[in-house]
Every structure is written in C-alpha cells, then in structure tokens.
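See below for the structure under consideration.
For reference, chains read A, B, C and D in written order, and residue numbers begin at 1 within each chain.
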Amino acid sequence: MVESLKVGIVGAAGYTGLELIRLIYGHPRLKLHWVAAQSNAGKTLGQVAPALQGVAGIGELRLENFTPAMSKDLAAKLDVVFCALPHGASSEAVAALHGAGLIVVDLSADFRLHDLSTYKQWYGEHHAEGLLAKAVYGQPELHRAQLKGAKLIAAPGCYPTSAILPLAPLLAQRLIEPGGIVVDSKSGVSGSGRTPKASTHLPEASEGIRPYSVAGVHRHTPEIEQELSAVAGEPIRVTFTPQLAPFTRGILTCTYGKARAGTTLEACRNAALSLYKSGLVTVLEPGLLPDTLWVRGSARAQLTYALDERTQMVLGFCAIDNLAKGASAQAIQALNVALGWEDGLGLPQIAQFP
Amino acid sequence: MVESLKVGIVGAAGYTGLELIRLIYGHPRLKLHWVAAQSNAGKTLGQVAPALQGVAGIGELRLENFTPAMSKDLAAKLDVVFCALPHGASSEAVAALHGAGLIVVDLSADFRLHDLSTYKQWYGEHHAEGLLAKAVYGQPELHRAQLKGAKLIAAPGCYPTSAILPLAPLLAQRLIEPGGIVVDSKSGVSGSGRTPKASTHLPEASEGIRPYSVAGVHRHTPEIEQELSAVAGEPIRVTFTPQLAPFTRGILTCTYGKARAGTTLEACRNAALSLYKSGLVTVLEPGLLPDTLWVRGSARAQLTYALDERTQMVLGFCAIDNLAKGASAQAIQALNVALGWEDGLGLPQIAQFP
Amino acid sequence: MVESLKVGIVGAAGYTGLELIRLIYGHPRLKLHWVAAQSNAGKTLGQVAPALQGVAGIGELRLENFTPAMSKDLAAKLDVVFCALPHGASSEAVAALHGAGLIVVDLSADFRLHDLSTYKQWYGEHHAEGLLAKAVYGQPELHRAQLKGAKLIAAPGCYPTSAILPLAPLLAQRLIEPGGIVVDSKSGVSGSGRTPKASTHLPEASEGIRPYSVAGVHRHTPEIEQELSAVAGEPIRVTFTPQLAPFTRGILTCTYGKARAGTTLEACRNAALSLYKSGLVTVLEPGLLPDTLWVRGSARAQLTYALDERTQMVLGFCAIDNLAKGASAQAIQALNVALGWEDGLGLPQIAQFP
Amino acid sequence: MVESLKVGIVGAAGYTGLELIRLIYGHPRLKLHWVAAQSNAGKTLGQVAPALQGVAGIGELRLENFTPAMSKDLAAKLDVVFCALPHGASSEAVAALHGAGLIVVDLSADFRLHDLSTYKQWYGEHHAEGLLAKAVYGQPELHRAQLKGAKLIAAPGCYPTSAILPLAPLLAQRLIEPGGIVVDSKSGVSGSGRTPKASTHLPEASEGIRPYSVAGVHRHTPEIEQELSAVAGEPIRVTFTPQLAPFTRGILTCTYGKARAGTTLEACRNAALSLYKSGLVTVLEPGLLPDTLWVRGSARAQLTYALDERTQMVLGFCAIDNLAKGASAQAIQALNVALGWEDGLGLPQIAQFP
C-alpha cells in the first residue's frame, strides 16, 4: 500500500489555504493532519468555511494558533508544512519550521527573490536572510532539477506565473527583443485575498474593470524580471499592468514583445512545446485563444501566441487559475517534483467547466 | 489491484456530459473509454470543450455518432453507459443499450416517472414504455435498497433533488401539513443547457433575476410530487416556482409548509439527520443557512430548517450544484450504490470555494 | 421660467445618497445645494464617488459634517432635505430639520411604523416619538391623499415596496385569504449598503445565492404587515424570506397566497390596474414575468400575477430597483406628490437596459 | 418654448438602438416619432424590450420595416434619423435617407473610414462610395469644426473611442514615439450585440475573460489608425488586442507608448486637459485610475496617464460605456454639436453607480 505524507497548513483559513485543503484532500499521497490560522484560531474548518461542513475528517478539524516555538513538536507529527501567511509574517515561521527539519512550501513572497537588496527595496526588512540561498523558486517548468529533493520551496506568485510562462520560451530562444516588453494582466478578485475592502465589495466590483498599482510599483514586478532575466541571460525589465476584473478565479495575461528578425509564429509555439514538459502547461491548438474559464479549478495553464505581421509584435497569451496553478496547485506540483513524484499527481487536470 | 469499469457517454458535449467526464476522470473505479454526441460527432473533446485540451487520454478522444444499432458492439467493450440526451430522444437509446446488456444511467426525464399517463401528460409519447417498471429513481438517499444491483437508473432532475431533500423528512415524520406546500427555487443558468438563447445571453441575464414556467407548468413538478407523495403516503401537490438567477452553477430552494401542532425546529433537523446517511447531504450547524457557493463543484447537498413562530410555517432550505448533486454527481452516486460501493466513491467532497 | 427648490442631502456618500444625487441632477425642479456625510466629511463628492468627477457643479461639492444645531442655518438656504442616515441615527436629525421648518424626506426606517411599541420591539428606542404621527408613509400609490402637502415623509423600505405592491390589490379586493401569505424576496447586494463585509466580498457573493434573517426576524417584516393590514382591514402576518442574490441592483419578490373562491387571474390583474395610477407601476402584458433587469435604474415597478389552478394559489411577482423605486426614486416621487407635481417628474422612466 | 426635432431610428431593437431610445427620451430637444427594425418589424417596443412597457409614448410604439423607398415620406415627418444597422447593410439606407434631405447619424462602420480602399480591404464592397467624402467622423472632441452643420455623421466605434481619447493628446504633442504602440482593450459583452452566441452564453462568459480577433485582424484597427495618424501628422500603426470581459457595459483600454525624451506625466495630463473641452471627457484627479463602473450609463469618458520611470513607457487608461460614449451617447453628442447645441445637452452626466 502506498504510504502518504502527513501535512500541516499555517494560514489555512485564507483562500490559498482553503485551496490547499481542497487539493490535498484529493491527493493520494498527502494527508492533512493539522491546520493553523491567526484570527480564526479555535474555530473548526467548517466554521471558517461552511463548504467544509460535513466533509469527514476535515470539517471538524480545529484551527490552532501557530507560534514558531511549536515547530519541534510539529516536526514530530508532520512531514510537510505549507505556509500561507502574508509576506513579512512568513519568513519567521518558515525559518522555524525549516529549522525543525520539516519540508516547507512557502506561498508568500518572502523566499522568491534571490537578491536580498531587491527584496528590501520592494518589501522591507527580511527576517530570515540566511535562508534565501536555500530556497528554490517553485516553478517546476523552469526549475525541475533544483526542486528535486528541495526542503524549502518558494511557490511563485500568481501574476508572475502567468507572465513568465508565455515569455520564457520567447526569451530563451531569442525570438523577441529584450527591451520594451509589456505585460497586461487581468486578475479575478480572489487574488486580493479574503479580507473585504471597498474595491472587492460586490456592488463596486462586479460590473467594472480597473487597473491598479501600475507603472512599475506592483511587487510582483521584480519576481517576473528575476525569472525572465535568468532565462534570457541578460537583464529584462517589463512594464506590468495589473487589473482587477469582475470574476472570482483566474488570470489572463497578454504579453507584447518586438519580434526579432526571422521570428515566426511556428517558432514561438515550438519554443513553448519544447520547454514545457510537466503535462500541466497546454499550448492550445492553433486558432484558439485561452480563456480563464477553461482552467478554473485545474492545475493547468493554457497558452498560445500570435504574431502581428503589420507591427512585428509577438503576442503571448496565458490563462491560469490564480489560486490553483497561480498558487496552491503549483505549490503542490513543486512538492511533487521535490519528492520525485509526477508533476500532476493528485492535482485536478480538468477545469470545472462551466 | 482494483479493477475499473469501462464507461461510455452518449451526449458528452453538453454540460451534464462534460461534468460526467470531469467526475469520471477523478473516479478510481470508472474509466472513460467512449464518447458520443449528436451535432458534434467527429470532433475531439478538446475541440468541443477547450478546457479538455492537454488532458491526457481525454482531450483527444473523438466523439462518435451514436445509433441504437451500435449497442451490441458497445456492450462488447463497455460496462456502463451514461445517457445524457434530451428527454424524448433518450428512451430509444436507453432501450437499445439496456437491451444489449449494458448498465445504463439515464440523465433525461424519460424514466423518472413511474406512471405512464403522467409522463404522457407532461412530456408526450414514450418510446420504451415497457422499461418504466424496471427503472429505479436514482436518489440514493431515498431508494438505496432498490438501487442495489439496478441495471437501469433514472438520475433525478436538478430542481426535484433540491425540493425533495428538504421536504421528504418533514413529510415522512408528519411535521408539516400535506397541503399548501410552496417550493421557490432559484437556479444558475447552466441548468438551461449549452444552447445559447436570449434568456441566457450575458447582457440580458447577468444582472437580472426572473421567474419562468410558473404556476404548475414546469415539467419537474410531477417528479417532485411523485417522490413526496411516496414518502408522505398520500397525494402531495406543490406550488413550484423556478427562477433563473445570474450565476452559472447552483440551485437554492426554499420550501414552505404549514407546521403541524407540536412541530419543533429540533424535530425537523432530527428528521433529516436520521433520514440521510449517504454522507453527501449535510445538515448545517444551527445558525447557518445554505449558500450555493458552498456546494459548487461538489457532490454534496446542504440543507437546514427554520420555524417561523409568528406564522407557524416550517421553512426548508437546500443548496446543491445543479450539474453535480443535481445531475452528474448524483448519477454516479447512484451507480456507486448500484454496484455496492460507497456513495461518495470518487466524487468531489469539497466545493471549489471561492 | 420654472423655479426650482433648493435641496440638501444628509448621508450623501452612501448608495441611497448617491442615487439621490443622480436623480436630483436630472430633475427639472430640484437643485442640489448642500451635502453632508459622517465619516467622509471634508471630502468632495468626486472623491467619495469618482463617477462624479467632472460633473459640473457636483463633483467639487464638499461634504459637510451635519449636526442638528445647523438646522436653522440650513433652513435659511434650503427648501428640502433628504435624510439618508441609518435607522436610529436618523430620528434626531429629522426632528431638528423638521423643527427648523424644512421639508424632510427620511429614507431610514425611523418614521415608517406608526405604532411606537412595534418600533421599539424591532428597532429599540426612538428619539423623536412625537413626530411619528406627523410622518406620512411615502408610498404614493397607496397614500396619495395624505402625501399632498406633507412636510415629513418616511420613504418606504426596499423589500416592503416589492412585497406591498403585488399583495395590496389582492387583499384590497379580497382575492386571497389573509392567512398563510409567503413573501420570498431576492435582493441585489447594493441593498446591504456601502460598507464591505464578508457576505458582500465578491469572491464569496458573485456566484452564490443565500437566504438570511429568515423566519420572522428581518426588520422589514412589520412594515410589510402594517401596510397590508391597513389595506386588508384586518391584521395580516407574512412569512418573509430575504435572500442575497449575486447582482448589484434589483429586488424580485414572489408572493404566495391562497385564492379565495371565485378568484380569477383576470380579477387579480384588474385589481392592480385599478389601484395603481401613478404611471410608475407597470402591470406587464399577459405572458411576461418581471425581470429586475427591466427596471434597473428606473423609478418603475413591474408586476404581474399567475394562478396555479392545481393548487389554487395566487402568485404575485414584482421587480424593482432597490435603490430607485425601492429607495431614492420613490422618495422623490413622494416629494413630487407632496408638492403637487406629477409622480414621475424628473425621474428615469426607462431602465438602463441592458 | 423650445421646439424639438422629430427623430426616427432604423435598427431600434438592438442594443445601440435601445440606448438611443433611452437617451432621446431624456433629451429636451429631441423627440422620438418613428422606429424601425428588421426581424422584429410589427412588434411594439415594449414587446422587444419589456423594460419599455408602461413608458408612455414609447412602449406602444410599433416597429416598422424600413425600406429605402420610404425615405421621402420619412423626410416629410422627421428631421433626423439615427441608423443603427450592421455595417454593409447601413450604407444603402443612409444614402436614401440622406438623399431625401434628412440629417442622418449612422452608427455603423460604413462611413467612418475616409479611404475607400481601406474600407474595401477590411469590410468589402461599399454601396454608397460617393458619400464617403461628405460624412464627418463624429468624435466631437477632435472634429468639432467639421461637425457644425453636418448632415451626415459617422458615429465612431466603441473600441476606437477608448483608444483614440488617451492616445490623441500624446501624439498631438509628440510625447510618445509613433512606433510600437500597444492598445489592450477589455470590453463588456453588450459590445457584441444582441444575438446570443456561444461566447456570450452566460455559463461560458460570466466567469471568464478571453482575447479574440488579435494581431491585426479586428476591423476597428484601421479606424483607430486613421484618427491617430491624422492627429500625429504621420502614419501610425497600433497593435490592438480586444478582449471579452464578463460584464455587460464598458470598455477599459490601456495604451502603451515609448516616452520621447523629456516627456513628463504632467505634460501628458496637460495635453489631454488642453485638447478636451467638450465637458464629457474627465481627466481624473492624480492618484485615481479609471473604472468602467464609474462611467456606466453616462455619456462620459474617464482617462488618466502614468509614466513608468523604469521602462520609460507612457501608459494611458480610458474607461467608457461602450453603448453610451462608445456609441449612442456620442452619436447624440455629435448631433448636438452639428446643431449648434452644447455637447452634453440632454445626455446623462452621472453614471449609474453602483
């Protein structure tokens, strides 16, 4: 019989935490044993998310109040901890859990940037600088080799995933110019978390679309640039425009880059097909453009390209579910790879459509 | 190693067909081998539903054009066929497949009503009258014993499921009067199928809510009444009001019935708790009322009761996903029971939330 | 040249306040001169609602911090004040403004109930009991005579408007039994106000529908019953179920009442046609059922009836825009009548469709 | 007393036709006298749009079947005709109406492009070539002088309006480079018209966002380029990406252009402020980015700029209501200017918010 690893989640009452619970429940080799939350400690999962009421072994699980001092005890009963805390708050928790010998998958931004000064510039002080070098950026499509056996995984951000996937093949194969790249992204509202605010209040969000944090101030910018620079072999800067669109799950990203001489649409498609072998990145059949609805709830990314012959611009299009391939499903995919399992093991392959 | 049954679907390109594909893909003992569709025959599943592109073993499956004459050949390579055709069109297909020895789960209305004259009154001619007596109404919470070993299962309708679940315990325990029952239901738009029409055109549907087929003309009425009459032991008539609400999946049904003398809220809850043992009907913790969002994508129904002391009215509330517990998931649940497996085997227990 | 009245609004930054601004801007005989808000005092209207930026004479209007002591000064420069404060907070403001000689239209619940003990039971202490007898319930379709010349108008609640309009003609003409009436209402999310909360957070609201405050606890219950009892000439109690539906504006209410002997559908329609002469209540052509989308943004209510011959139940259906006919437009309609103008003067007759 | 012009609409049952009806109803100097439609001829307006039932003088208006031969008779009873037919079908109707002496405002694409060969390349044959030189492109912000006294007005397309407004000031003042301009637009679903199709079927549209007609094939491309080239004084080509977003009304367009040396954000804002004097284009206060919700139902465009210092890219953002400023309201605005009236006469200045 297949043995399963014992899993805990810190930050289980937020959206990425709840999505981890859904996905782990369906995973044949991971079993949820322990959950923690901050303001909701003491409640059951069924109370913080009535969707979980009646689910045997889950709905009655009670949220604890995690403190770093508990890490040793946790290490005695768990194998893996997913940490879904806000950036800044995450690093101390991760350091303690990692120090106690647990495999840690961190969904915050705290271990995604390799360069400490870049981190400080965008996020402020870091509470576990020493671990930056140990953390592996958890995009399995690009970092498969480093992920094998990794003990500390920094799961990528949602916008970066949707931007890196279409652009990486183009830069790797030198199909577009490195300068002047535009990334125009539209995200569902779940990307802004579970705390209600004016911009997520249904009457002020459900029929509108709006940009925010534009012109180089959104914190996902350096993460996109770090990964694209690595694949391009030279520094890449992007103009990144996030937008809040009126639906719950999904990101559609359109990328624009100037075609190099000789670039063909065929070459763009082939670049992606040859780079992505995880089984979770689908290059759509020619003629189809991605739709966030087609990946909702699944661990899959869909992408495709177009070449504007009139302007010699290469367009890349990528759709993901921000909570799945953009967060929790990719975190599990990275763990799967770290443990030597198949990328898609236990993950939903088929979107909930419609 | 566990062996799995070989499954086919007739009507695979519609919403209940596609939902069957998603659910069967995640089922450990069912394996999809064959699919058919009418107008989409010749296309791949990935072409009729791009959400399926890239899903190994599924996206490339090509839709055949089913004719009853193929039934014998199908019986040689399949164990079970789900039939997701429109009512009227279904009975002939089901008769042929059943006659060839296959287990058939029919998602149309053709085999749900036991009484031929009632069928004719609401639907017109029936093309396989002789099978009516053999078909088992596939609501496992009420017909578990008959389902064991069943070869022809009539999966219940979506509205009836949401109405029967809260009312059956009340009528079974004589907690409400048999007359004057009101069923007020609000359905997501996927319930009206995949063919675009004016009432489902986003600009005319996404910000509105409207009743339709009111005052005793909706075809789900006799199905609700058949099941409630059986459980009550006397003829029950209901006033049923379906409404189209601006979201994709889900039905919320509110039922109203006059309390009999002595009826308490506690008694209502207990009636449901004692009747429903499938693990897929959750009676919510007191103080919570169901939300369709909490069952979206899951095989689960959520229900609860309230008692209006001022008017002595017993209110029942039930939320289901119309495509899951209201159609495809309940069809598989019924098959699970027919085959002697657990109700929830392979079915999503956790809603996709948010 | 037509002279216009000078208007002020207390509570201008909330949804009913902003809707008043939109409607007054389009009114030929009302002119907005002064606005106040509580937490937003000091900001311009364009800052609290960027939709107003660039609107000449409106966007730059600065919100003051109203205190009752200002009433005398306000009376020197204004003719009418609309008061859109929360219940409880409203009565003191209204008393001061009324005492200073201003015409006051109150959109809170504070002056809707004639019976003080009923008010106390549902809302708690009242701060201006003496004015209850002076206030006129501002539903012009039912209280036209009393509204003429009124100085203190209590604009009706949104749910009550949608419930009273279909039921009043039936009770007035004794077409349904007085007992066992069910009112099942579905409201858009703007009805819960401008303050974000978990239940209005788009990811937890946009794809779900849920009941709340059921079984006789919602505060709009006594208001519905007061008006229906008056029209029926005997005490009426209703079972009222409010539900939050995933769109911004609109209420659809379905009412159920037992037909008296001899009641016909024709009689129900005629009862409404003969009662409603304001030009703002449309009895739809036979065969059509109302849709909230068809009244969105307009001052209009749409209603119709159905008779379930099988169960002898009379169904009433009414759609309104909760912020317009359910609040701000009806408040202006009542003022129009009080001033001797046509009901619909300056009000949007045509919904924004789609 | 002010006299009003008598107005007719050809194509009154579609979305732009219905929006014209709403707007003309509120206009003090235009009065609707006659309506025509193709497939809906013979029905009343209240039947093709139940939102119009009960609106005095409108709901009972019966749709005629327009043929060019009727033009002379129409000229005897009307002053102005709005033509809201599909491109191709429009030119013949327009020619006949214009020939009969009527002022014609055409909402199709047939008279927007000045260059016949460009028209043929994108749309095919033209049926009234001779009129191309007489038609005035109806964007009053750019063509005020030509519009004065115009008898044939080509109302601009929705996407072009949203793209031209932010880019024209930048090109006019040489603040961005003429090459490499990107236009990334997200439109509500009403932009695709009233005919239901798979891509507008609520279950396949309400939770997704998708690009379409990308990479230089959308027919609005030459219209954008014609206007931008004129203002820039040199040929401009743009990479235009339309996207279908899950709401009913509104377009948000983000434009990207390389800053010329010395360009400041201040200069961009000032360029727009100095160019736009119609009162209907709002340059938002610094710090705010536009939201389609803030212009829904109004004749207003909102725009603003950002400068990405890291990449030297100038970002322009523009929000309009595609049916209002993007179609029907702008058509009336252009007529207002042609007749010597104020731009905003009779048009909604305040969005329906929320």
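The criterion applied here is as follows: contacts are C-beta pairs under 8 Å (C-beta built on N, C-alpha and C of every residue); 3 or more make two chains touch, one makes a residue touch a chain.
Since this is a predicted model, take the numbers as computed values, not measurements.
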Comparison of B-C and A-B by number of C-beta pairs in contact, larger one: B-C
Greatest separation from subunit D - chain, by CA centre: B
Length of the line joining the C-alpha centres of subunit A and subunit C, rounded to whole Å: 46
CA centroid of subunit B to CA centroid of subunit C, Å: 39
Averaged-CA centre spacing for the pair subunit B and subunit A, given as whole angstrom: 35
Junction residues of subunit D - those touching two or more other chains: 15, 188, 190, 203, 205-207, 246-249, 291, 293-294, 296, 354
Parts of subunit B lying in touch with subunit C, wherever the complex brings them together: 180, 182, 184, 186, 203-212, 214-216, 237-239, 241, 243, 245-250, 252, 254, 256, 258, 289-294, 296, 306-311, 313, 315, 317, 319, 354
Contact set on subunit A toward subunit B in their complex: 15, 18, 21-22, 25-26, 46-47, 49-56, 58, 190, 207, 248-249, 279, 281-285, 288, 291, 293-298, 300, 302, 348-354
For the subunit D and subunit B complex, residues of the former touching the latter: 15, 188-190, 194-198, 200-203, 205-207, 246-249
